[in-house]
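Before I ask anything, let me first share the structure, which is written out below as structure tokens.
The first chain written gets the first letter, and so on, giving A, B, C, D, E and F; residue counts start at 1 in each chain.
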Amino acid sequence: MEHKAIYPGSFDPITNGHVDIIERCLDIFDKILVAVLENPKKKPLFPTEERVNMIKEIFAGRENIEVKAFDGLLVEFAEKNDIKVVIRGLRAISDFEYEFQMAQMNQKLKPDIETFFMVPNVKYTYLSSKLVKEIFMLGGEVKGLVPDLVESQLQEKFKKSKPNFDI
Amino acid sequence: MEHKAIYPGSFDPITNGHVDIIERCLDIFDKILVAVLENPKKKPLFPTEERVNMIKEIFAGRENIEVKAFDGLLVEFAEKNDIKVVIRGLRAISDFEYEFQMAQMNQKLKPDIETFFMVPNVKYTYLSSKLVKEIFMLGGEVKGLVPDLVESQLQEKFKKSKPNFDI
Amino acid sequence: MEHKAIYPGSFDPITNGHVDIIERCLDIFDKILVAVLENPKKKPLFPTEERVNMIKEIFAGRENIEVKAFDGLLVEFAEKNDIKVVIRGLRAISDFEYEFQMAQMNQKLKPDIETFFMVPNVKYTYLSSKLVKEIFMLGGEVKGLVPDLVESQLQEKFKKSKPNFDI
Amino acid sequence: MEHKAIYPGSFDPITNGHVDIIERCLDIFDKILVAVLENPKKKPLFPTEERVNMIKEIFAGRENIEVKAFDGLLVEFAEKNDIKVVIRGLRAISDFEYEFQMAQMNQKLKPDIETFFMVPNVKYTYLSSKLVKEIFMLGGEVKGLVPDLVESQLQEKFKKSKPNFDI
Amino acid sequence: MEHKAIYPGSFDPITNGHVDIIERCLDIFDKILVAVLENPKKKPLFPTEERVNMIKEIFAGRENIEVKAFDGLLVEFAEKNDIKVVIRGLRAISDFEYEFQMAQMNQKLKPDIETFFMVPNVKYTYLSSKLVKEIFMLGGEVKGLVPDLVESQLQEKFKKSKPNFDI
Amino acid sequence: MEHKAIYPGSFDPITNGHVDIIERCLDIFDKILVAVLENPKKKPLFPTEERVNMIKEIFAGRENIEVKAFDGLLVEFAEKNDIKVVIRGLRAISDFEYEFQMAQMNQKLKPDIETFFMVPNVKYTYLSSKLVKEIFMLGGEVKGLVPDLVESQLQEKFKKSKPNFDI
């Protein structure tokens, strides 16, 4: 039996905290599907395609990882991809509450799909995509918080003109 | 590669919430090791051996589950048993904080062992071994909260004389 | 003395969790006033009038329940309706904090009005209007989460064209 | 129909925070039963009888309040006294979690008994029996935190010899 | 060595809770810099200049307090002003989590700048700028919650026409 | 004006998390008083005198730090030592709630004494004296979690015979 897991998120952009979770999952599961959420209700900094491509490039050459966009119910997307394990990172209580409710709701929608929560590496406890965007926007340094590719893409994004996005 | 997970706890006694977590894990992993904690700092209601035996009996005939007592560091016990995944149930924020700290500490002690947290089935959200013991001690009904075997063992325990234990 | 309580909320739309709270209050109080909040700062999926009418229809024939829209301070609306008890459901810590602050503020504004918090039936712990809208919008099944009337109204709403609302 | 509520607790000793909750309940309900918990697992500072008597004396002459000791399941004690409403004060998140679990468990044990949570008056937010005992034991001033009777009883208690109790 | 601290915030508008924190800091530090955040992502009720001027007027004649607007990274603004201590008020868990993450991030960006958190005076536990705006908007009384100057400015603001702002 | 702060705690034993807080305070304040709590209600692993001496030795030669035992009310001890600032580290929500209540209570007892909360360095987020004792007791490695002196004292303590202490 092949052991697969799906790791869903907005990844706007992917941070070193996300990368760490993915690397650790790749040690446990045979295959990881990184699922990039297309949220019609929120304007991202990076369009879905760019977010997918950044992750693909960061993990280029790794065979047990796949990256896809999705826009419906997570549990249906998981099922369509024949995956029974959803991975979520938990940083804080507020994450926890929302995730807890989503996990119990997903249990009701598809009882055979399980959500596993992981804690971040201690050095990324405070890290989030939102914080990265805020710091970058205010002229702060994000080296060490995101992969180099993401840092240069952020610079590209802000070089032309002030981007318009929901933080 | 065989996918194994360890599910540690006091199980004093095992509840239907624990049974539910184990059953769901058995759908995901090839093998589950239920590890019963011997805590020298706390007087249990059921001695370690009785707790181990109850779980063995409840899952009798299931081949992919093993039950053992342990009394040292969890991550070392996991390593000795060649297991890289620790499963923990999360019911509440207070669980979450302690578990979060333990998981980050364990990450430091053995970086290749991962902790995965699961949420309880919604119908067992409020359930804990502590609550079961309190209700039973006060003459309340625990049917539906614990396996039948545990219910009869509780009756046995309290029949003779008032047991002395830390709640 | 007649014992009355007010149960305020957005009810956009009413869920089975809300219905359960109302039913349980009807066993305790002589009369319940369901107060539907008109929030000028947020675009609802259902206009106030539709929200009021759905609740009226769901509880049609029940004499001890009344449904009204309101748009000012809750405590003044309660006072005008000669009610001293406000009922609020609490699902999670984040609810709790906000509700706690509102209750203490309301205590200052009108010291003789009391807020009573109730916990949801365990099977609705994870349920919220927001989650219902998200699931429906993504094509998921909401049967069992909302009254049948609400389900058909949701279908009606989304049939014509994609509705524009704040989630 | 007479509207009654039960307000259970350890009251070891009763504080001004408890008194405030009781006074506010007396404005809402026709009758309040203050139920003093006899906990065999914890050594109190004041024996049950003294705790009951202090509360009786504080509310002497008030006809709609009754004080009783109890030692079994709260919901059964409520039922025996023909009461359907349990009142609990909530000060903090940690209270909230435990109380939430107890309320959902009690719902399962006796579905027709409801728990209503109240927030403390803002000036007693930080107050607990435990804190009162700690401050008094360390020689601090508790005037304004507890009724005068309780203050003099505390002095009496500590005058003779260092009392032995679980904090 | 002069001991200075910076107290950053939106102050839209300043409340009595903020004033209390500032007064208490003025007893501890030689100098306080109140830093009014200009947030390009959020439409305030009072423009930055008005917020700065209100605070200046409230503390007029006090020599150890300074008020400035800022719009970049807080830690860089602190450094430019030669300040090593950031003061933040904490009202609730949700504050705490976000503030905790910001403080750890700031520690990484500028390790020699420290964040000190203070708790509000108990009588302002429930108070926030957001709540003040909500209550005022709904016709409620804000006397005692904000300085008199702020109350009259709020009246001015809402007199002309319904202001447009993010709550 | 000399700026002094008191840093109270059990320090049973002092960890690298505590050392980090002290070092950071020494950059901000002119003088730090480390106050070691003698708690008559809890049996420590290290007697008060040993805890005081370990801290003295760790900071030997540093002139702006003093270490003392205390056993009464913290705010009175601070006042006697002519100190107006109390420093507390916050690791988690559960810390936060208790600390918040203590700070508000202390504000009532001595309004001119302020409590400042600091967050731990991110690499010590999970660290506590309790966790150190548990890990050591179970045979785990505590290097990097406590100063070398503490590690050797722990070895000394456990060498002779199993120590009896409350965890």
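Keep in mind that, in the parts below, contacts are C-beta pairs under 8 Å (C-beta built on N, C-alpha and C of every residue); 3 or more make two chains touch, one makes a residue touch a chain.
Here the structure is a predicted model, which is why all the values come from computation and not from measurement.
Counting steps between touching chains, the shortest path from chain A to chain E takes 1. Comparing chain pairs B-D and A-F by the number of C-beta pairs in contact, the larger count belongs to B-D. Ranked by how far their CA centres sit from the centre of chain E, the chains are topped by B. The most distant chain from chain D is A, comparing centres defined as mean Cα coordinates. The centroid of the Cα atoms in chain A and the matching centroid in chain C are 34 Å apart. Centre-to-centre, using mean CA coordinates, chain D is 38 Å away from chain E.
Residue positions of chain B touching 2 or more other chains: 93-94, 97, 100, 104, 108, 122, 125-126. The complete set of chain-chain contacts reads A-B, A-C, A-E, A-F, B-C, B-D, B-F, C-D, C-E, D-E, D-F, E-F.
Of all residues in chain D, only 1, 3, 24, 27-28, 30, 84-85, 90, 93, 96-97, 100, 103-104, 107-108, 112, 114-119, 121-122, 125 touch chain C in the complex they form. Of all residues in chain C, only 41, 71-73, 76, 93-94, 97, 100-102, 104-105, 108-109 touch chain E in the complex they form. Looking at the complex, you find that chain B touches chain D at residues 91-94, 125-128, 131, 135, 138-141, 167.
Remark: chain B residues 93, 122-123, 125-126 touch chain C in the complex.
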